[in-house]
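Chain lettering (A, B, C and D) follows the sequence in which the chains are written, and residue indices restart at 1 in each chain.
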Amino acid sequence: MTRDIHAYLAQFDDIPGTRVFTAARARRGYHLNQFAMSLMKAENRERFKADERAYLGEWPLTETQKAAVLARDYNAMIDEGGNIYFLAKIFATDGKSFQYAAGSMTGMSQDDYAAMMLGGGRSPDGVRSIREGR
Amino acid sequence: MTRDIHAYLAQFDDIPGTRVFTAARARRGYHLNQFAMSLMKAENRERFKADERAYLGEWPLTETQKAAVLARDYNAMIDEGGNIYFLAKIFATDGKSFQYAAGSMTGMSQDDYAAMMLGGGRSPDGVRSIREGR
Amino acid sequence: MARITAGIATSHVPAIGAAIDLGKTGEEYWKPLFAGYDWVKQYQAREKPDVVVLVYNDHASAFDMKIIPTFAIGCADEYAVADEGWGPRPVPPVKGHADLAWHIAQCCILDEFDLTIINEMAVDHGLTVPMSLMFGEPRAWPVKVVPIAVNVVTYPPPTGNRCWLLGEAIARAVESFPEDLNVQIWGTGGMSHQLQGPRAGLINKDWDRAFLDRLTGDPEALRHMPHIEYLREAGSEGIELVMWLIMRGALGPRARELHRHYHVPASNTAVGHLVLEPAGKEKP
Amino acid sequence: MARITAGIATSHVPAIGAAIDLGKTGEEYWKPLFAGYDWVKQYQAREKPDVVVLVYNDHASAFDMKIIPTFAIGCADEYAVADEGWGPRPVPPVKGHADLAWHIAQCCILDEFDLTIINEMAVDHGLTVPMSLMFGEPRAWPVKVVPIAVNVVTYPPPTGNRCWLLGEAIARAVESFPEDLNVQIWGTGGMSHQLQGPRAGLINKDWDRAFLDRLTGDPEALRHMPHIEYLREAGSEGIELVMWLIMRGALGPRARELHRHYHVPASNTAVGHLVLEPAGKEKP
């Protein structure tokens, strides 16, 4: 595989509907992910649930990041540098599953998403490469 | 150099007056070193100074380890798995220097040790290898 | 002398852990998934491994963004079960094999792998779900574990080739451990899954099955597969499959497949499972 | 394009930091030591590097025994100055070059170095004493820093060969960074010293001088020098010298010595200092 980091990273922009957690995203989302990680402690989960805005205010987040969290808009959180494994602490706090969170990002209803998964999942055909249209 | 870990580690027992910080020592001294490391915080230094025995009692140390710390016997601490960079937090807390601590392990007076260093340090002749006597 | 007697691969989906912990394994949805692990439970009861070198990835549990080790090896006597946001899984604590772990750590560093040694950490579903799948719900786990945590979250993860080479180095290390131990190596994570964005839910059965085939039949090519192919074909979280190459590298050039299971879906994920033995290995 | 214009080696004895911070540099004991760094201060004023890739070891400051990375790279914007037990040194905070650091981290991992990425850490005398020696006591440091922390405390440290190869990989990474930056790489620690046991105070001038000679004249042999030779000849803490090989590896096969300083003692330690340039480099 290529050892040219520029070529390596450029490839990742060619996958439809996918944001790879590169350094650029990791840096942008640093505090968002650290905030999410803090919810691994039961005591922090309680404080967050009691007053989400106040708890978010303790972290150096952008307004866009805070709004994305408050709206539980996982696509927006990922745009802002969130990583799904960190964000998982948020939907776990809400008592939601990975299937709920993933489904919420697809634009499908939860029932349709669940049915698609039961039916064998989303086909890779046509969503492998933007450039090559395959 | 050898990639045989057994041969690699065995060599280290052949250096006079020297204990290499191998896994075996790191494991033995784990809590001793973690205790010493805790003295990087000013508040812990105060608590340690106020009651050394009580502070040591908060750590899962052996009696031998505790006695070595209380006596500031650095050779004994190293025998018990201490590493000099961790132990440095203890003599820093005491306001002592690396030269003081190192000198204290040689069996020389501090003045004699300082004079030896000013004179160019300890010669390596005769202290390179126990087996080869060089 | 310690010896690697088997290599086992399995997905480590958190929902599988939840299904076990909530007593749902008999439900229609879960039954066929768990049935595929009956074989390995019997195999383990027969083989009685002493230690598992368990290759997995931490999912933002032990490591936050402050510190991202490419390869971390757990050298502790015990690992707590992580609270991933809904309380720790109700499984026994994981006992480490500190002697073997430190031995592997020392050997691999001397062998020019730049490992990070970890003496205290919590382990998450990446490690505990495979334990449950292999051993069920015992009061105490029947093996000790040497955890190898691989970064597959922040890019770039290690290359497939580097993973393979680490597997080879782990095998050399195990073989030079003086105690007589039956050691297995497990590679976990995968198969197809994507947990994010409009493409979430991607499952590529053909590609997954080819991956399972190639792991015994053509591992040399897999070893050089670029990361982008995992992402395109198996989804953004399909990259976890590079970890299977550490397991496979440890088995040597040729391996024999003893058992295979493939099931879709578990939550968002395709589940794959293989039991391999180094080829040429004689049964005791 | 970023380019590595110089490689600098220096010891990083904590007592040197204390002498600076307590205003003792004019005392008889310290004068000749500091005099040997006048040349490099003028060199730096002339060369005006933008970034220093600063190879050093943490002395139980940022990392305790819970986590021991073989090679850690700091990717932060700023690093606090560590409190090593007597309060932090009164020096400016260290500014990181996060763009270059992340670039190097990504390149080296793709190049099969198993780095640990660090986003928050305090830096101790191993990093700040060389900064003081190169730049004196400015209100703000005139360069940004990419810290590379190497484990040379818990055995085994990385081999000399592995250090050399990492240096080569860092150089490749710097050369592929698009911004025009004047980058130096520093190797710190050493020379002869032993801080423990009846053999404490060991100083081997002949061996140290030969090491300084060989770093330009015969680096290929140094690269394969086993750890035991450092310990026997240069004392138990003399192992820090392996870090100089990362710097040297980054300069390419041939280098030119511009300046050298060697002094005994600083506290328990022999102090060595070299300024090297890649051979063939044209002055701008």
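General observations
Going forward, contacts are C-beta pairs under 8 Å (C-beta built on N, C-alpha and C of every residue); 3 or more make two chains touch, one makes a residue touch a chain.
What you see is a predicted model, and the numbers here were worked out from it, not measured in a lab.
Common neighbours of subunit B and subunit D (chains touching each): C. The interface with the greater count of contacting C-beta pairs, when A-C is set against B-C, is A-C. Per-chain CA centroids place subunit A at a distance of 48 Å from subunit B.
Here the spacing of subunit C and subunit D, counted between their Cα centres, is 38 Å.
Averaged Cα coordinates give subunit A a centre that lies 24 Å from the centre of subunit C. The centroid of the Cα atoms in subunit B and the matching centroid in subunit C are 39 Å apart. For subunit A, the set of residues that touch two or more other chains comprises 2, 5, 8-9, 23, 30. Multi-chain contact residues of subunit C (touching two or more other chains) are listed as 65-66, 106, 110, 119, 154-156, 159, 161. Chain pairs that touch one another, listed by label: A-C, A-D, B-C, B-D, C-D. Listing the residues of subunit B that touch subunit C in their complex gives 2-6, 8-9, 23, 27, 30. Only residues 65-72, 106, 109-110, 112-121, 154-159, 161-162, 165 of subunit D touch subunit C when the two sit together in their complex.
Across the interface of their complex, subunit D is touched by residues 1-2, 5, 8-9, 11-12, 15-23, 26, 30, 33-34, 36-37, 39-42, 45, 74-75, 78, 83-86, 88-93, 95, 97-99, 101-103, 105-107, 113, 116-118, 120-124, 127-129 of subunit B. Within the complex, the subunit C residues that touch subunit B are 75, 98, 102-103, 105-107, 110-111, 119, 173, 176. Interface residues of subunit D facing subunit B in the complex, by the touch rule stated above, are 14-15, 18, 59-61, 64-66, 82-87, 153-156, 159-161, 192, 194-205, 207, 224-228, 231-233, 236-237, 264-265, 267-268, 270.
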